[in-house]
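Got some structures for you, see below.
Shared between the two complexes below is chain A, which has chain B as its partner in the first and chain C in the second.
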Partner chain A sequence: MIGVWGALAGAIVLLLVLLAWARAEASSKDSRSDWGASDQEQGESVESCSLKIVSQLFSAPDSKFISGLESPGLENLFRRERTAVALHWVQETSATISRILQRHLEASRLSSDLEIAMEARILLQYVRLKLNCGILFALIHLLGPQRLAGAALHTERLTQRIGEALREFQSAAQLREPDGAGTP
Partner chain B sequence: MKAMVKPLPVQEAYEDLLQRSLSRIPCDLGRLLYLASTRDYNTGNYHHDGLADRFSLKVARSALEIAHRQAFCKVAVLSLEDLVRDLATYLQCSRENPEEFLRTWQRLEPYRIAIPMEVNPTVARLFASNVRLALAVLRLRRESDHSDR
Partner chain C sequence: MLSLIIWWSGIALESILLVRGLQAKLWARYPVFYAYILFVWLQSLLRFSIFHSRPQYYSAVYWITEGLGVLVGCAVVFEIYRVGLAAYPGTARMARNLLGFIFVLASTKALVGAWNDPQWWLISTTMDLEQVLRIVQALAIVALIALFFSYSIPCGKNLRGVLLGYGLFIVESVVWLTFVPLAGAKFHQFWYQLHPAFYFVILGVWLAHLWSYLPSPDPERAVRLEAQYQRVAAATAQRLREARGYLAKAVRS
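Our next item is the complex of A and B:
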């Protein structure tokens, strides 16, 4: 009986965390313009040193360094700081994935030879990445970022790969349609 | 016969900046803050008299902007331990009173002006968060030094 109640409580907590994620993502979309960078600029800067940053953000050596100082106050501060930045990274990654798909959909609307299988694969990857972000968001809240380095790096690599693949796909489509849409 | 490849003006200006100015600063954080200080708060444009005289206003501006972004990326990916060491070097070189320095930096967070304009928001947050942590570590070390005496 306790097991059933425990599972129910766990499911409710997970649902609440996912709801918080959905809200946080919506607010991050609103505040993004504060930084003044365009989508393209942001995309480029994400790619330039993003893997290094993700490694640094989820890194165990920093956590060990702080633990070695034997100060509970400092350990608390470290946990709070890293959790906040890691959650922000998940929101940004999730928003980047949405932007990539949005651009792809815009390009697809103009394309005359859509491949249904390819589009379905892209949609599946999108859903998978969004799900990854949701789970990471919940786990960062529950466990803290330090135990999730592998999952975070995997998500970052996958996001970069899907971005690159869609860019290549779009340039190939443009090459196939030199006199495409836009000419009267 | 050797083919001579002439470096681009911005690259030349960048190397000149590295050799004449940045090499004299002993820590990464110091170099970053120096470069950030060449940026106008109102316009976001960079300016360096010497560099603009030797090259041109536009070339100097580009070189400073690139150098700033690179210096920022370097500091942002420093491990916390390395950042604490770097900050300690910066504090020592500033010759300010350490107590006052730490208090002011914790309250005013002047290091935020070191963030370049077009930078990934997560990187900017990680940088500010790491500096906050490094300041807390230095303060803790000073407090434990005092209590040991």
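Our next item is the complex of A and C:
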């Protein structure tokens, strides 16, 4: 009924997952007591950049101004610096997206009315944003940040929107379950 | 002689596991798992006695008990889900729906396949059915571990042992069921040597993890509340010390 390779692949995947899980469980056993504190520290840094900064970072006028000075060295330096900052922004945004999802998962695991459709939608949105970041990262390397203002602003807006939506979702869930949903 | 020793050693280890389960009252927390171990223990005794007293019935007894074992194994997977996600009702409900759907789908497919096959009682078809159900169990375990990973759900030592041991057992079963119809006598001989060693490893994992009861870690909310409480208590103690200091100064002056 099931092919040899399919069955073997299933067995190997299960074995690898089991070993990875056992290893992760063993290594996280000691650090578990610090989870609460580290989460709070992480919680402070979930905020992302403002749209204004992103728009300035990816805008063309600065580049035009530097080009107007007709100094190739300065232009090169400016381009290098701007590219580095833009790449750093992409990495930070990607990390922020991961932190937002992590916080959502940690908060929602205790929720009593978790919906598959909603969780799948959030996961898809997360994958889409991560993909955006990956594409942006590659394009910044290839084209430089100046031509990507639209894409960067779109990613930033989406990140902010998903962050706000999840925050509202969590506060609504907390209001609905004030005394702990996990207790029988 | 060696096969006899292996047979009796397996039965002895299963007995120790059952006795420890009773002594540590673990059977009340994992009733289906211990029912499964009891079933395997009885199955080993039955197969052993049939093999030596009425070998002509051995094949029939083997496949009937094997089929029953697969069904009880499905219940073990459900119990692992139940215990692992007990403190996470939303995640548990989501997982239950998905798991139920996967089991119904796989069982329907297997039953339809068996119904369409006029010789469905043949050993090869029984093995196919078992393989399908074992693969479904493997998928269910992978899905559960993915849930544990993604929702950062901590797992107690006992449950970790049940899951790890049973997962290894499923891996071994799937490999065995895949290669048995294809491989020749040499592979069978090789596997008959390897199988008991693997089974002892599984029993060892269960014994090491289920020797005594260890509660699963509480959900993080409790940890946070505790931490908040301790922070408030420490701040209050500090303020009281300061107030006492001021009072002492005021009294002295």
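One rule holds in what follows: the second predicted complex is superposed on the first by the 131 of 184 C-alpha atoms of A that agree within 3 Å, B and C clash if a C-alpha of one lies under 4 Å from a C-alpha of the other, contacts with A are read in each partner's own complex, and residues count from 1 in each chain.
The rule we apply is simple: contacts are C-beta pairs under 8 Å (C-beta built on N, C-alpha and C of every residue); 3 or more make two chains touch, one makes a residue touch a chain.
Because the structure is a prediction, the values reported are computed rather than measured.
**Student:** Using the superposition on chain A described above, determine whether A:A149 touches chain B (first), chain C (second), both, or neither.
**Tutor:** It touches nothing on chain B or chain C.
**Student:** Output check: A:S50 vs chain B and chain C. Expected answer is one of first, second, both, neither. What do you get?
**Tutor:** A:S50 contacts chain B only, not chain C.
**Student:** After lining up the shared chain so the two structures overlap, which partner does A:S59 touch, if you call chain B first and chain C second: first, second, both or neither?
**Tutor:** first
**Student:** After superposition on the shared chain, which partner residues are touched by A:L8: those of chain B (first), chain C (second), both, or neither?
**Tutor:** After superposition on chain A, A:L8 lies in contact with chain C alone.
**Student:** Would you check which partner chain A:L114 touches, where first means chain B only, second means chain C only, and both and neither mean what they say?
**Tutor:** second
**Student:** With both complexes superposed on chain A, which partner does A:A165 reach: first (chain B), second (chain C), both or neither?
**Tutor:** neither
**Student:** Once the structures are superposed on A, label A:R82 by its partner contacts, choosing first (chain B), second (chain C), both or neither.
**Tutor:** Only chain B; A:R82 stays clear of chain C.
**Student:** Using the superposition on chain A described above, determine whether A:E92 touches chain B (first), chain C (second), both, or neither.
**Tutor:** first
**Student:** Per the overlay, which chain contacts more chain A residues, chain B or chain C?
**Tutor:** C
**Student:** For chain A, what residues appear in both contact lists, the one with chain B and the one with chain C?
**Tutor:** Dual-contact residues (chain A): 32, 35-37.
**Student:** Using the touch rule from the top, collect the residues of chain A that touch chain B in their complex.
**Tutor:** 32, 35-37, 41-42, 45-46, 48-50, 52-53, 56-57, 59, 61-62, 65-66, 69, 71, 74, 77-78, 81-82, 84-85, 88-89, 92
**Student:** Could you list, by residue number, the parts of chain C that touch chain A in their complex?
**Tutor:** Residues 87-91, 93-94, 97-98, 109-110, 113, 128, 131-132, 135, 138-139, 141-142, 145-146, 148-155, 160, 163-164, 167-168, 170-171, 174-175, 177-179, 182, 217, 219-221, 223-224, 227 of chain C touch chain A in their complex.
**Student:** Going by the contact rule set out above, which residues of chain A touch chain C in the complex?
**Tutor:** That would be residues 1-2, 4, 6-8, 10-11, 13-15, 17-18, 21-22, 24-25, 28, 32-33, 35-37, 39, 102, 105-106, 108-116, 119, 180-182 of chain A.
**Student:** Show which residues of chain B lie in contact with chain A when the two form their complex.
**Tutor:** Interface residues on the chain B side: 73, 76-77, 79-81, 117-126, 129, 132-133, 136-137, 140.
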